[in-house]
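Both of the next two complexes hold chain A, though its partner changes from chain B to chain C.
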Partner chain A sequence: MNFLGNITIGQYVPRDSFLHNLDPRTKIIFNLVLITVVFLIKNFYQYAFFGGVILVMMVLSRVPLSHYFRGLKALWMLIALTVVFQIFSGGGHVMYSFWVFKITDVAVYNTVFITLRLVFIILAASVLTLTTSPIRLADGLESLMRTFRVPKEWSHDFSMMISIAFRFIPVLAIEAEHVMRAQLSRGARFDRGGLIQRAKGMIPLLIPLFVGAVRMADELAIAMEARCYRGAEGRTKYKQLNLKKSDCAFIIASFAMILVVILPL
Partner chain B sequence: MAKHVSKMALWLALVSVLSIISFPIGPIPITLQVFAFFLMAAFLNPSESFEVSMGYLTLGTIGLPIFAGGASGIATLIGPAGGYLWGFVPASIIASVAWRKSGIKRMVFLLMALISIYIPGALILSIYVKGIINAIKYGVLPFIWVDAIKIAVIFPLATRVTKFKTQSVR
Partner chain C sequence: MTVNKTKKLTIIGVFSAMAVVLMLVEIPIPQLLGFKYDPSDIAALLVGFMIGPIPGILTVLIKDLLYFAIRGTDVVGIFMNAAAGSMLVGFSALFYRKRKTKTTAVVSLSLATLLLVVGMDALNMLVYPPYLKVSYMFIFKNYLWVITIFNLVKAIVDGFVTFLIYKKTSNVFKLEAWKTTNRKWRSSEK
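Here is the complex of A and B:
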């Protein structure tokens, strides 16, 4: 059974860099723009330009490059899957064929193109998650949602929920492991019998986990109410988000990138 | 107020944890992702289910390895298998409605919820595999029956937990 073990919650690498000090909202917008741009790219020159931008970002973040490659490595399955799907997609002249499979030039072009797209998206997203702590991201999301006129109640609940879940994912993972060990020591077997029997075997594991979670939720609610939590109403923040000049410049620069891609060069 | 938030947060954490833990049932290890979403829907109302499933996607997008197979990030969401993740949003809402019905209606709604996971899944997959028929052949048919079994297992489980819930925890 595969447990969280040494799971890293978030990939944030604390550093003191230009990118780290930017407002989380700026970085989220920048990321969305970046991903839009990747989808608008039509040729390899634009990819080269875009690759340059990403490289500058990676250097600016002062996070060791190995962290970025670790992100790519984690998603190698996804990349491999894309390559396999694309390479046999056909069209154009046949370059190489064996048995029923044909590899054509158009398919190779498409494969390289779409794989690069995926790699760039992964790298762009890594720039965001490596330089922004999860809590700041949640704050940024809440504030962005409010900018886009999402009701205050909803956006506050949402970001609160995410912040709490951050704290409780490791707790519940450990709890699940404890329950499993406890049931194993009582003679439960999770790896014997047919499909139905094994599915039934999950019940002694899941029930205590759910009940534990429901209890935790109750205790948490009481603890929050004891501290006068009233939702979004009248709530203030210790750390305020504020957009600086560098943030504005950064947002403008990122939108300029869309122009570079759209304009015929 | 606090109860509402804490309940959603704990379900979000539970769904995330159950999505990562894989069990060696059958030839390939399965996760309880679909299972967890449908169970969550049994305890939350449709709007809460919507919020939790959006929260799940957000948490995964900002870098927690909570998507199936320990994946995370925007690339997973728009990759070949990303459509299934999008499908969890409508599915959890429909499933949540389903648990409020009874008898045959509940079955029909649960089935609709299951299908609503696969529709966006197959649509996004079809961009990668050229054609919706291929997408259904490789991306829907081999998996849908396993998920149907998972949902069948939820029935006794949900009734048991509900019983417990009504007894001691409001």
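Here is the complex of A and C:
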């Protein structure tokens, strides 16, 4: 178990590009639309079109392409599983067969189709997470929630909790590392035995961690109240989100993508 | 026991951060292809037991959102994880809130495990055939047992560990909450 090493691989790549400077709300809407649309794709012409769209996005983001492929590599198991599911699903004419396995043309078509769908969805999600920092994402979500008439109090609390959580991830990762080292030096074992053995081994790690977390939360609450924190009412923002012309154009363009799928081609 | 709002906010925030850290642990289970066990739901279960079902579900949602933001994995997998976590945490916390005893804790965790297994089977049957374009029979025959066993093992381990560590964590929580709500705590402490 290595807590710190995992954390430092955060997704966000700070750059100064068109996509980075877009409003987070725009990017969230664009992503939602794109992912929905990818599910509705019916033929390979549409795939070519959306492949082009995603490629343009990847170039516009000015993030090295290797970052996108890293995201794909992390999910190779899912992709491989899908391919295995599809390739033997049968139907149509047999193209190739050995022993009990038969590979048919319909199966090959389906395999390519579904794998592309999976890859497109992962790439689309990467475009969002590589160009938007989690804090901006939380801000965008908060203001989107307000657009959909979620009470201000709730949306504010939600984004506050996300900000707290995001800020505490590295702190708790360091804490976890310390507790683990301390318990290892006392002879605890974390990575041996079956699942039950491991679950039991986690207990000396988890109790100090959670007790520490409760203490941290308590100190944070006291510090916030000492600075007169009282929720959403009367609170203003340092960085205001406002939609620019490019954002509006982008949103319109993303809704136009729905037409491409719905209209018969 | 009443907990003030800022305290609830910070507890949910810090525990979701804890859940994200634990989610990165990822113990692979080689027998079940591709599935990885992560102890993150324990943190959400603790919040659910300490404060209530809605904060527990919020913890799960924030955890998945942040995990998506720092890892950028596939959307459907994250959605399934959120659904599974909300089912487990929401139901067990709702049941436990009425009578807080050890027996209710065990009963609520077992019932929530059953609900999780049945619910996730149903949800997988609903989502995966159209998503991966395979027949319902195929998923039912070849894949459903993997999902069932995985969720069963996950929920049992989570419940077991939560049951063992809940009391120790909540004692500290109650003490700290009592300190902040009772302004005269200094005079009553030795």
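Operating definition for what follows: the second predicted complex is superposed on the first by the 247 of 265 C-alpha atoms of A that agree within 3 Å, B and C clash if a C-alpha of one lies under 4 Å from a C-alpha of the other, contacts with A are read in each partner's own complex, and residues count from 1 in each chain.
As a working rule, contacts are C-beta pairs under 8 Å (C-beta built on N, C-alpha and C of every residue); 3 or more make two chains touch, one makes a residue touch a chain.
Quantities reported herein were computed from a predicted structural model and do not represent experimental measurements.
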item: Fit-or-clash call for chain B and chain C when the two complexes are aligned on chain A; value: clash
item: Touching partner for A:L206 - first (chain B), second (chain C), both, neither; value: both
item: First (chain B), second (chain C), both or neither touched by A:L60; value: neither
item: Touched partner set for A:L243, first chain B, second chain C, both or neither; value: neither
item: Partner chain(s) touched by A:A173 [first = chain B, second = chain C, both, neither]; value: both
item: Partner chain(s) touched by A:L75 [first = chain B, second = chain C, both, neither]; value: both
item: Partner chain in contact with A:F113 - chain B first, chain C second, else both or neither; value: second
item: Which of chain B and chain C A:W154 touches, first, second, both or neither; value: first
item: Touching both chain B and chain C, residues of chain A; value: 1, 3, 7, 9-12, 35, 71, 74-75, 77-78, 81-82, 85-86, 89, 114, 118, 121-122, 125-126, 128-129, 134, 137, 141, 157-158, 160-162, 164-166, 168-169, 171-173, 176, 195, 198-199, 202-203, 206-207, 209-211, 213-218, 220-222, 224-225, 229, 231
item: In the complex with chain B, residue positions of chain A that touch it; value: 1-4, 7-12, 31, 35, 71, 74-75, 77-78, 81-82, 85-86, 89-90, 114, 118, 121-122, 124-126, 128-129, 134, 137-138, 141, 154, 157-158, 160-162, 164-166, 168-169, 171-173, 176, 190-191, 195, 198-200, 202-203, 206-207, 209-211, 213-218, 220-222, 224-225, 229-231
item: Footprint of chain C on chain A - complex, ascending; value: 1, 3, 6-7, 9-12, 35, 39, 71, 74-75, 77-78, 81-82, 85-86, 89, 110, 113-114, 118, 121-122, 125-126, 128-130, 132, 134, 137, 141, 157-158, 160-169, 171-173, 176, 195-196, 198-199, 202-203, 206-207, 209-211, 213-218, 220-222, 224-225, 229, 231
item: Sites on chain B touched by chain A in the complex; value: 1-14, 16-17, 20-26, 29, 32, 39, 51-52, 54-55, 58-59, 61-66, 69-76, 78-81, 128-130, 149-150, 153, 156-157, 160-161, 164-165, 169
item: Parts of chain C lying in touch with chain A, wherever the complex brings them together; value: 4-7, 9-18, 20-21, 24-25, 27, 29, 33-34, 37, 39, 42-43, 46, 58, 62-63, 65-66, 68-77, 131-135, 138, 153, 157, 160-161, 164-165, 168-169, 172-173, 176-177, 179-180
